[in-house]
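Pasting a structure here, questions to come.
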Amino acid sequence: MTETSGKIVLGPNQYGKAENRVVRVYRDTDRHEIRDLNVSSCLRGAFDDAHTIGDQHAVLPTDTQKQTAYAYATLHGDGSIEDYGLALARHFVDDIAPVDSARIEIEEYAWQRVPVDGVGHDHSWTRVGPEVRTAAITVRGTGSGRREWVIGGVKDLVILKSTGSEFAGFLTDEYTVLEPAQDRILATSLVARWRFATPPADWDAAYTGIRATMIATFATLHSKALQQTLFEMGRAALEAYPCLAEIRLSAPNKHHFAYDLGRFGIENNNEVFHAADRPYGLIQATVQREDAPDAGIAWDPYTGAV
Amino acid sequence: MTETSGKIVLGPNQYGKAENRVVRVYRDTDRHEIRDLNVSSCLRGAFDDAHTIGDQHAVLPTDTQKQTAYAYATLHGDGSIEDYGLALARHFVDDIAPVDSARIEIEEYAWQRVPVDGVGHDHSWTRVGPEVRTAAITVRGTGSGRREWVIGGVKDLVILKSTGSEFAGFLTDEYTVLEPAQDRILATSLVARWRFATPPADWDAAYTGIRATMIATFATLHSKALQQTLFEMGRAALEAYPCLAEIRLSAPNKHHFAYDLGRFGIENNNEVFHAADRPYGLIQATVQREDAPDAGIAWDPYTGAV
Amino acid sequence: MTETSGKIVLGPNQYGKAENRVVRVYRDTDRHEIRDLNVSSCLRGAFDDAHTIGDQHAVLPTDTQKQTAYAYATLHGDGSIEDYGLALARHFVDDIAPVDSARIEIEEYAWQRVPVDGVGHDHSWTRVGPEVRTAAITVRGTGSGRREWVIGGVKDLVILKSTGSEFAGFLTDEYTVLEPAQDRILATSLVARWRFATPPADWDAAYTGIRATMIATFATLHSKALQQTLFEMGRAALEAYPCLAEIRLSAPNKHHFAYDLGRFGIENNNEVFHAADRPYGLIQATVQREDAPDAGIAWDPYTGAV
Amino acid sequence: MTETSGKIVLGPNQYGKAENRVVRVYRDTDRHEIRDLNVSSCLRGAFDDAHTIGDQHAVLPTDTQKQTAYAYATLHGDGSIEDYGLALARHFVDDIAPVDSARIEIEEYAWQRVPVDGVGHDHSWTRVGPEVRTAAITVRGTGSGRREWVIGGVKDLVILKSTGSEFAGFLTDEYTVLEPAQDRILATSLVARWRFATPPADWDAAYTGIRATMIATFATLHSKALQQTLFEMGRAALEAYPCLAEIRLSAPNKHHFAYDLGRFGIENNNEVFHAADRPYGLIQATVQREDAPDAGIAWDPYTGAV
């Protein structure tokens, strides 16, 4: 590392309005539909003067971005978060001169109809979670230079298997005291994000299918490590969905320790566990196609940045 | 208010081990079952010396209470949280001499089997929420002086209806600017706790049925206020379940404000809303039978106290 | 427990607007002052019709309560949260006919001036925490029947001592494996709430002094148990402040476990600890004067209720 | 976007143990010192087999990484988090064969001595926050190929100025309804991270000084936008600390809206505000030296990744 004395300049920068809690109800018939969203918009472009001399002439207020997010929920909101995000991002790039690229990050909270006499109610729901569907749409440039990237995903998908998981044969050193485990609980709170190589026929169906493919793989694969499980989950999704270029997975290993009851004369055959909070293993991996198109700025974050 | 100079003494006190994250797997067959619990134990009794002179002879360590919670998950954990809590509370009152009464508070997190080829998997699940089942069991005294109280409940039950709710005809004063609403979103994150007058045939079935009754009432009742909705939800549950003595409900009015898009020339027919965080209305009510048995110390809190 | 069939009726109920984030700046001179509050108002009274028949004629909207909280921040907000809460509570009881009693719960977030060249800046601050000052004011009745209760407090006061704490001589049973500790870390995140018997000369000074007295006692007392420490903290505060009737303390025992490094040939003389999250001991006690005036409904909660 | 059919392969991956809650007490004299840390370790290297064939021969367990973090707290923990992180990272790269690079992310929670009779107590402290000091150390390669990057930082630094901030002259479009503001509250919860070009003489002093420089700039600069304020904060820090290569800042614009009290006949001269939760503006910028050394993989995240 070497001390430097160079001129101090502005580097990469971006700004927007984060966490607009947009709820869109569809009331075309008595059987309503609902989309419950958390929308963040981010603009990049010719905003140097705002930083270096405090001149706002090129800055579209974040309040304006908020108004736009709600307005577009009416005009373009009757569908998937991917389509809604694309509409918003294209608008900012096309219609706001200083904007070079725009990124829209969306969370969607799921609702299910209240059952009444065995039938889902027309306009009443309960929230379903903890998992949250996510999307991150980036649009850059106009005309023939236009590039678009769509990332779908899920987060806080808590999944557990009570057998069919081992961890053994690992590297050891002088600080290693862990015993190999032949039968353990494997649990995680998955964050998965998949980049589309091409738009699927139906964004919502793709979400449902990718999620289902991954959790079925988690269930049925005998796990030799969380690393292996993640790789196979990603591979299964890529195989089932040729529209995908890559999947990034981040998975805390939510440790469940078999509780020592032997000292009380009680046998514990992997039946009673302590679910620990911290620390946790944290495994992250990308599964991708060798010929995947360039990711460009698809993964450049906004709300998760710095 | 008047200044006082009386002797300073110890008042009500209690202690225990909070938030033991007990996970109980049933592996009697290849088709496992799982109970995922957060267990808090609380003891009351002759613990004055621990406070006033630092003498611990009567204090059963909170670590011991933890060990007991895990041990009892094996011995008595093959069923409902109410039965498990009763076993734990009775143990502390019966077997630990200084204990006059014990309270066990439990949260249960729900899991659903991963669907694989249309069938729920034997040993893999995803978490379901955000709602959490709760129980609070209090046992006091021994022999003929024994009293037991069981409270079941649910919390974080997020429920919304997109029509069928109004709010009008209210009291006004010089600070009132709210306009009456004929058609609004009604949404809450319900906390409901019901005290049993007598044990039901099946604790788990009672939970499922009480919850279902309440949300069906929320869905089908045309609401003139959240107060009315809560009262009718409680009444419906009490009517359907004679084993219940009372229900306490706490419900934030999670405001969804119709977004003003008219200034942009966009019509908003109650289709686009902003979901606000704070402040929120907070409505609390008890629905009870006139001849309900005495609540005694059933509602004296532990983890929610002070 | 016995099944009942009595008439289903409305029991205790209350409502209000929770968590109004009121920020009050004083700009009378260039040296500003700031009060950063979270204000919840709660009304009790003749609101039965709102529940049982959906008639809102007696219901002052929670939106009106919000407006009032902000309005009163101007008119009555130039001082302590206790005085502001009293003004708000008296208003609701005096001026809104159906209201029998009102409760105002307030959190205050502390700020300290940014140091610039060694001097606190006139109008710039950083937040100080994690501790939060609290107040709960209850006013019931009018005229000669008027009663008022004021509770002050602090929450999330995280305090730790790295020696001067032991835990030994405790009760044991068949589930006890804990070893006595002669020298351990004692740490908690304290919630303390004190009820005033009479108003102090200066609410703000009382807060500062009570807090200082308690933490000094925590520091200097050799602890034989968290129970003893809490009792002595409360006693010291009551002795120093005759205006107090009682103090309620709730204290998680934030366990710090000496880490087992001996297996790596490293000596650990109570120098390296693991700070555990859950479970935690949870100790709660009241310290009070024998001749303290009646607490009445002073402790009936609102935002923490059910 | 184009559909692809290439071979599915493992991409970038990393793993470790996150959030080890290491507390280090120094008891060399009766006047103790304390370091309260949250430590995450991350390894990158030849771990393909763990993913693709479930072979763990190269995988050092995350449990071992945990043991190492606690062990190193004894051996190397008597100083700054930057030095401790460097020791840990170098160990993993030097001593664990499959490791190409290691990243250590640390949060440090601050404590201040309890004042007793005007003097800070020897072994009792209260936590100070909400701000948290951070560090992220990356070491790659061995011998002459060794590279090391150190990032220091602070997060959750909540700062507010009650005047001296405007926002005007901005770009408008058909969704712009915001009025220019000549005098507003400016508040944020800052995340700042600075990359060192060269090690400072004293890591702790550098932290204190960089933080102080930034908040003094926030206080004294008349702000024309949060963008400008961030840039000047970063520039001031770089000017004062030649050892820094760049600073990245992420700042939510925590909106404080002047409350409309005019409708109640109450004048509000920027004295009563509503502190809003969501949405919020979110401004992010980098300030850097033109001749800063290559950032390499310094910014590649671990716990914040995906």
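Chains: A, B, C and D, in written order; residue numbering restarts at 1 for each.
Quick note on the criterion: contacts are C-beta pairs under 8 Å (C-beta built on N, C-alpha and C of every residue); 3 or more make two chains touch, one makes a residue touch a chain.
None of these values were measured; they are calculated from a predicted model.
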Chain of greatest Cα-centre distance to chain B: D
Selected interface, C-D versus A-C, where C-beta contact pairs are more numerous: C-D
Inter-chain centre distance, chain A versus chain C - centres from mean C-alpha coordinates, in Å: 38
Distance between the centres, which are taken as Cα means, of chain D and chain A, whole angstrom: 22
Chain C-chain D separation of Cα centroids, rounded to whole Å: 31
Sites on chain D at which at least two other chains make contact: 20-21, 67, 71, 175, 177, 264, 277-278
Residue numbers on chain B that touch chain D, as the complex places them: 174-175, 177, 263-264, 277-278
Complex contacts: residues of chain C adjacent to chain D: 20-27, 32, 34, 36, 67, 70-71, 73-75, 77, 111, 114-117, 121, 123-131, 157-164, 185, 212, 215-216, 218-220, 256, 259, 261, 264, 266-277
Chain D - residues contacting chain A, complex: 1-21, 40, 42, 47, 50-64, 66-68, 71, 95-96, 98, 148-150, 167-173, 175-178, 191, 193, 196-199, 223-225, 227-228, 230-231, 234-235, 238-239, 242-243, 245-246, 248-250, 252-253, 278-293, 302-306
